[in-house]
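These are the structures in question, set out in turn.
Note that subunit A is present in both complexes that follow, paired respectively with subunit B and with subunit C.
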Partner chain A sequence: MADDKDVLRDVWFGRIPTCFTLNPDEVTEREAEPYYLLLPRVSYLTLVTDKVKKHFLKVMKAEDVEEMWFEYEGTPLKWHYPIGVLFDFHASNTVLPWNITVHFKNFPDRDLLHCPSTSVVEAHFMSSIKEADALKHKSQVVNDMQKKDHKQLWMGLQNDKFDQFWAINRKLMEYSTEEGGFRYIPFRIYQTMSDRPFFQKLFRPVSPEGNTHTLGDLLNEVFPAAVPNEGVATANLPF
Partner chain B sequence: MAAVTVTNGHTMTDSAGAAQRSGRVLAEGGSGGSAETWKRHIVRQLKNRDLSQHAMFQDLIRFYTQLLEKSNLAKGILSSSVRRPPADSSGLMSSLQLKKTTGELAYQVVELQQQIKIKECVLEEQHARLMEEECRLTGAFYARQEVREQVEQVKKKNGALKLEYDTLLEKQRVAETRLREAEDKGGHLLEDMIHLKQQAADRMNNLNERRSRARAMKLQKDLLSTARSKVTMDSSSSAPGSRSASPKNKVGEETTERRRTRLFRAQDPVIRLKVVKVYQGFLHFLRSASATSPRILTSIKELFDRKRRGRSVCSLEEDLMGPVGICLAARVPVRALQVLEAHEQGINAVRFSCSSDLLATGGTDRVIKLWEVRAGSMTHRTTLDGSTEGITCVEFDPTGSRVLAASYDKSALLWLLDDPVPKLTLTGHSRKVTAARFSSSFHRVVTGSADRTIRLWDLHRAACVQVAEVGSYCSDLVCSENCIISGHYDSKIRMWDTRTMNCLQEFPAQGKVTSLDISAEHRQLLSCCRDDCLQLVDLRRWSNERMCFRADGFKCGSDSTKAVISPDGCFLAAGSADGAVYIWNVSTGNLETRLPDKHSSSINAVSWSLSGEYVVSVDKSKWAILWSDI
Partner chain C sequence: MSLGVLEEETFCHCCHQLLQQSEQLRDGWTWESVQGSQEGYLRKTVLRSAVINSHPVWNQEESSSDSKTHTSCHSWPDQQGQEKEQCVVDEDDGVCVVPEGNSQVLQYEYHILYSSSYSTPVLYFRASTLEGRSLSLEEVWSSVHPNFKTRLLNNPLSTITQQEHPLLGQPFFMLHPCRTHEFMRPVLQSAQDQRGQVNYMLTWLSVVGPLVGLEVPLNYNFKLQNAIQYYTLTSPQT
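So, the complex of A and B:
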């Protein structure tokens, strides 16, 4: 992983220009200006939208405010998906910036999870980490970590600190060379047109013949429909 | 969790997706060298993605946000001021005017804001200064409080001092009055004393006169008796003479007869001289008349000579060593034979003569009394006076014919036994004489004094021969062959050579030395100290071997308490402050006996008779007690 540092940095510092506009149905005291923001790809919506909330609350009466949620072209955006996934999934073909509508009313309970505080986000994030490590190392690495390491990992993400995050995450991504990699590759494939939100399958990094697998091999095996350029698929590889 | 996203869209607009794909294609090629290439591809595509998505919008969004914030601020201020005019003008103002005013107002706002900022700065500065001043003020306040407290304290102290001063002043006044009274009293006392002295002098003069008269009388009586005996002798011895020879004798007889009758008639002292002349004339006549009877002549001569010699400073017999009795066994006394009030005041010294039947006591009442001790009783024989102050020490010479005493009047005095007037007064000490002893050479005496000197006197010349400066109060001394041993208040016992008066030796005692005594054979030295301990030292060996004698209840009563060794050297006797006589056995070192209850005050001195039979103790309140074992 060491020589992948520039790749990791580029991935980490990926930003999406976004324009937040208030839903016109909201009752306001005066006209609400749109709010522009560069959203980090590797983060969650509710973690980075404090400024947005503050901006719109200025023009609203306190009694009209309920839990904030986001919507893009009629689709509620799930905050528990990483922002990059959300963008590629819903809006990869639109003209930038990405237009997101902000709502303070009529929370779509059927489509979205409630997010009252950042601790909920933290719980979700940690569970994802543990799931991925269960696939990679039978949970050995994550269980050997101390509580403060977990905390550091989370704080690195929350405060957008690349070095702080990777100091811990490096351990999660390590594997001994004689084993030839992880036990399984942790991944999810999200689909727009399906009833199932995503696919997941056990997939070893090395073929029985000894060849290392590529992303193409993965897609061929798990989701052959994506290979011949048909339909839209998004693969989320959580490593 | 790194989310690498691959997008396969129909339109292929996403360059990142393309990069992923090409990377994958390269990876499928599978060669080792190409691993680096596909990684570079990925990086390039990620850079492209960032360029299109990130870099393009970065500045835009930043500026937008800044503008938004500024406009929000302006709006917040404007909203309050702008809302009113529409109400007043009721919308009649044209939009142009409104804009103008808005612009002006905005300008004003900016200006005002700047001013506010400046003011705020000033305000802050002033606040800071204010705080500083307040700090200083509180500091000053505290300082003032402190100073006030100090002032308060000083005032209090001053008050206390004033009070003290007042009380002291009062005391001083009282003391002054007392001083005046005391001075008055002192004056009175002085007058009284002068009066008393005069009286004493008168009495002394009277006494002297009476004495001289008595002497004259005695002389006369002697003369008469000799004259008479002369006659008888003459008659008796002349009987054979008359038988053998001349008729002249008869004439002589007749004349003596006549003279006698005359003598009888000449009883009156006024004509005493005439009598003497007659007597001498008679002698002359005898001498010329009867050359044949020299015995009578010599006998008469002897009679006169002896009389004359008795008054001379020195006589032949003094150079003879008298026989010294040796005691074989001292007997420890058990009961008091006699208790008598010997002096008018405290008795300081007591001493037996070597003949054991004569005792001398010396007291604060300035006299020495001689007592005869016979058959268990003391009888007063004579009183020796002449000292003008109290007696501190008394001693007989080895022949028992002379008495030596030391006195408070800075002198030592020497008496012959039967003459109450001192034969010699040795003056020269500058303070009281504490001890006076006969030296081993017969015509010399040694005195020790409070003036820190020891003096050696020659009796022939009646002068001081040698002086030793000691450096400490000499409380007592004893003489041995060719040496003097003295005890001092600096807790030292010193030994001196009589010839050179050099200090031969010096050895420590436990406290102020009050008295010394030396045993009959000059072997052992006894010292008594203020630490209530008697020490016995063997003089032949000046070693540290010394015996200590103590007893429960024995307490040295004064700085001159005198302890003695018994004549046989077997016992020690000393009187205690509690009025009891303590006697120790030298051989066992234990207390032999204690003789209590007779004295009512502190015992000053004890003496043991040379026969070993009697012990006499004297105390501070004029009592003397004779002890014996009978």
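So, the complex of A and C:
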């Protein structure tokens, strides 16, 4: 992975300028100013919005405050998707900053997972890591790690420490050269025009004939509707 | 195929067999397919009486372990696809055990999906009061089987958590599948040693279901032993 270090850094430090505005229906004691933040693409909304919460709580009475949640143009934002996925999914055509509305009541139970504490985000993140490793290495790498390694991975993400995170994540991304890749590639294809949130299938990085699969091969097999011309993926994918 | 691993094809076959038996036993399982695909899930709704508490389970004084939820419920769909319920007496001892304390009737909806990542079935469920209020995660934790609470107490967030239903996109509770192979391997091994045949789904369900109030009638096993169409792990029939 060493060759990719610049790319890894660029992905890690990707930011989305965002403007948080309080939902006008919330009861406030005085007008709430919007709050601006650079959101890390690889993190989770509920992990990086403590300051947003604090900012709006200053103008609200405690009894008017329930669980905080976010909405963009009428759609509740699923905090358990990475921020970059949410932005690309809902707002990639928008003018920056990304305008997110903040709510403190009427939590949409039917749409969103509750997130009462950071430990819930941690559990979700670790569960994703474990599932990915089940696909990549039959869970062998993540199971061989010590508790402190899991903690370091999580703390790296939580505190935005690239080196701390990658010191552990490196092991999760390794594979032996004779295998030529992971057992399966962990991926999800999110789609907008469906109730079904995403597609996920088993996909090997190398074909039975020994050819390395491309993203186009993956789309062709898993989601052919996204590939208008045979074998060629275009830049205008519907997700 | 290594023991404990469930291929998707086998999952579908086991589900099919379970559905056939469920129909005979009027146990209420249905297959819900996802529009425009072959994928789907097993679904069952049950009314059950349970003691719930919104405080963390590990702060509670544990009451007598058999006082909680021994009322078994049988259900079957009516014409609207809704379920009618009939509480029956416990099959083992013929006594209907009424839960003590502040028990209330809750509607549980169970879904069984296939996880291609773990090559296992996964149990999703949600629960609500009869007035339609959804149960919180803490309430669900408080209502699990007493035998399961030790595990919960040690590591609640890696046991049952709220997750997005991968086919419906809605919040459900999920029993984490990452240790399924561990407990299925010995169960399947001993079943194979004894009989050579086993329905993975039925075995799995009878282990994980009762933890969250989903009872599997013993009749299933009886039916399985008497079924003409035996199923073996090594030769799936379609």
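The definition used in the following text is that the second predicted complex is superposed on the first by the 228 of 239 C-alpha atoms of A that agree within 3 Å, B and C clash if a C-alpha of one lies under 4 Å from a C-alpha of the other, contacts with A are read in each partner's own complex, and residues count from 1 in each chain.
One rule holds for everything that comes next: contacts are C-beta pairs under 8 Å (C-beta built on N, C-alpha and C of every residue); 3 or more make two chains touch, one makes a residue touch a chain.
Bear in mind that the values here come from a model prediction, so they are computed numbers and not experimental data.
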item: First (subunit B), second (subunit C), both or neither touched by A:T192; value: neither
item: First, second, both or neither for A:S119, with subunit B first and subunit C second; value: second
item: Touching partner for A:K130 - first (subunit B), second (subunit C), both, neither; value: second
item: Partner chain in contact with A:N106 - subunit B first, subunit C second, else both or neither; value: neither
item: Subunit B versus subunit C as contact partner of A:S207, first or second or both or neither; value: neither
item: First, second, both or neither for A:L8, with subunit B first and subunit C second; value: first
item: Partner chain(s) touched by A:E33 [first = subunit B, second = subunit C, both, neither]; value: first
item: Per-residue contact with subunit A, leading partner among subunit C and subunit B; value: B
item: Overlap of subunit C and subunit B interfaces on subunit A (superposed complexes); value: none
item: Sites on subunit B touched by subunit A in the complex; value: 1-11, 13-14, 17, 20, 24-25, 27-28, 30, 39, 42-43, 46-47, 49-50, 52-54, 56-58, 60-61, 64-65, 68, 71-72
item: Complex interface listing, subunit A residues touching subunit C; value: 78, 80, 109-114, 119-120, 122-124, 126-127, 130-131, 134-135, 139, 186, 195-198, 200-202
item: Residues on subunit C engaged by subunit A in the complex (per definition of touch); value: 34, 116-118, 134, 136-137, 157-158, 161-164, 166-171, 176, 178
item: Of subunit A, residues touching subunit B in the complex; value: 3-4, 6-8, 10-17, 33, 35-38, 41-42, 55, 58, 82, 84-85, 88, 92-93, 96-97, 125, 128-129, 132, 169, 211, 214-216, 226, 229, 232-239
